[in-house]
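The structures come next, written out as structure tokens.
Consider the two complexes below, in which chain A is the common component and chain B and chain C are the respective partners.
Moving on, here comes the complex of A and B:
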């Protein structure tokens, strides 16, 4: 099975898990993320799990550990797009992604990190200058005023 | 009734996919499908990691009023010395966090476990359609 791509977009690192994860692939992904961060620092890493229809205790642990390791390398981690059935199942099992930021979609994850999508403004450097926001709302969309204040 | 071997990590993906497919066939809800697949993933991991490999039997279950899915995991590993302790959260051998058994019990309706030292372990789960 092909490796899960680890992509750089601006200074954000993006991993979108599209395939079924087994334990070996999960650990290999963790190592590749950390190697990538070691070569080239990124202030933030987004892990898109919207295609994952299952997070068992092993995958949950790998995600948690990856976030903790990345944080030690000064990288903020946001897990985005968890399916509702996965959230319900994890909670019933007693699993949590302890202390990890989450967002309901990739776009909200990026926005919550303090980056902004601009359709009409041709200022490509805006994202690079944006500061990281310290707190990511877990379930609700950030209020428009919050987003404004980060860029005001 | 089908029997599937659990000898490596790809087999774990195969058995949880089989369980999800049967759950789809029986028109379980999306959340129940996820509960079943996750419980199967946990137990198949236990069979591989703690039992040294084994097999899963999967079948449609039915009684007079309902139908469901039954999965039976069998290994010929070292057995579990203290089942009560293994059923408590946080118990761990072989480098796992010990969420597997208690987690699978919470996600299913019927849960049975038998284990004999030096002979092996058998875990049976049933999920009934609501």
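Moving on, here comes the complex of A and C:
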């Protein structure tokens, strides 16, 4: 079985658990995350467990400990998408994930870590916005910001 | 001296037998008897175990032996020469003279020869049931009537006990179904109630095995074999059993199987008493089902989670919150939160009558779960009384957002939502 991918996006470490976890995979994941953080410090870690239907006491603990270990290494952690059944189990186990952020969606999780997730990306390539009647922009084209302010 | 004994047969015909005793003393050939002759016979009558009384044709008592003295309470001296009717309570007391004279005149009698049960009157005035056997004979030209009297008090009491026992049995029989089996399981007899319960007539089941009343797969089972083995060993069995009527209908009975033991302690037959509990059982099951449905209804009615704003859901908690209800509540609320993609859950506890440590803990667990899912919690509806209780209990809700009223809670929730975006 392939390992759970641990991805870096910018300086955010992203872990998305898509498959069923077993004890071995959980422990291996923990090791890999910590190793990664050790090799290259990341200020933020996002663990997405929205595909996880249920956890047992062992996996719940491994998850919590991973987050706590990352915090000790000065990494901001958010756990995203915990399902109701998992939340209930973790509460019953007394794992409250103090000091570790939680979010209901990936978007909110990223925001919680202090990143901005903007849909309006500044357009640097104005050449591609040429009108369809074929006039070719010249180098004397005004700067993009000016275009924007002209068009309001 | 000769005496001829006139006897009456059961059909009241006169039949003179030819038995004659030639001389008192010669009936036996034993030398001791011959030697003592008359004294022997006198002693015999005097001390025999049964009470013996003789009267003449006028009814006056000529002979009253020791046993009669003990039975009636008179001494021989007291009673000799008195009329026999002294020993009779009403109505015979007054009628005896007439009986006697009628017989002497007509020869018609209905008391001679057979044993009768009548009442005797003692000296102390008490009566007792007695059995008398009367015969007449002639001796020395005189006609004598002799009666043997037996006290039936004990027997009467026993009979009464038996009658009582039979009456009790009868009453059981009318209210309970009863059936008897041989040790091999074949039917000996059954009472009307059993027959009507199972839908058979008696001839249909006589001699048939018990297994005709049970389900076919039970009939073959080891359990059934063991049941009968235990009965044959004399072990009493009781319980609720499923039986099948003639039409194949199920009945449930509460029954006891009683092995009847012979005097040596060995089982000789099985008597079973049963009461039909089919209706009761069905009612019980219906009641259980109803209760279960009602419980479900209550659960559903009382734990709704409502979407009151974009991203805000409201969970009004109403009534006593036992662990089971709280668990159901939590599951439903969290599912709802996930479905609606809500960020804030308002938990309103206005309807919770009693705040105690258990309720407070359950509340905190719910809030924890909400937080784990990335949501936020606002607890509202905290009355002054509840606030006092919470503080007195030492429950720490400081990490939760709380508001007194639902309005305040909703305002806060909306602010939280707007802060996000």
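The working rule: the second predicted complex is superposed on the first by the 113 of 152 C-alpha atoms of A that agree within 3 Å, B and C clash if a C-alpha of one lies under 4 Å from a C-alpha of the other, contacts with A are read in each partner's own complex, and residues count from 1 in each chain.
In this section, contacts are C-beta pairs under 8 Å (C-beta built on N, C-alpha and C of every residue); 3 or more make two chains touch, one makes a residue touch a chain.
It should be emphasised that the depicted structure is a prediction, and the values quoted were computed from it without experimental measurement.
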item: Which superposed partner A:81 touches (first chain B, second chain C, both, neither); value: second
item: Partner chain(s) touched by A:103 [first = chain B, second = chain C, both, neither]; value: second
item: Partner chain in contact with A:52 - chain B first, chain C second, else both or neither; value: neither
item: Contacts of A:92 with chain B and chain C, given as first, second, both or neither; value: both
item: First, second, both or neither for A:37, with chain B first and chain C second; value: neither
item: Which of chain B and chain C A:14 touches, first, second, both or neither; value: neither
item: First, second, both or neither for A:61, with chain B first and chain C second; value: first
item: Contacts of A:24 with chain B and chain C, given as first, second, both or neither; value: first
item: Contacts on chain A seen with chain B and repeated with chain C across the two complexes; value: 83-86, 88, 92
item: Chain C-touching residues of chain A, taken from the complex the two chains share; value: 79-88, 90-92, 96-97, 102-105, 108-109, 111
item: Residues of chain B that touch chain A when the two form their complex; value: 9-10, 12-13, 16-17, 20, 30-31, 33-35, 37-38, 41-42, 45, 89, 96-97, 99-100, 102-103, 106-107
item: Residue numbers on chain A that touch chain B, as the complex places them; value: 20, 22-24, 53-58, 61, 83-86, 88-89, 92-95
item: Chain A partner contacts - residues on chain C that touch it in the complex; value: 330-331, 334-335, 337-338, 341, 343, 365, 368-375, 420
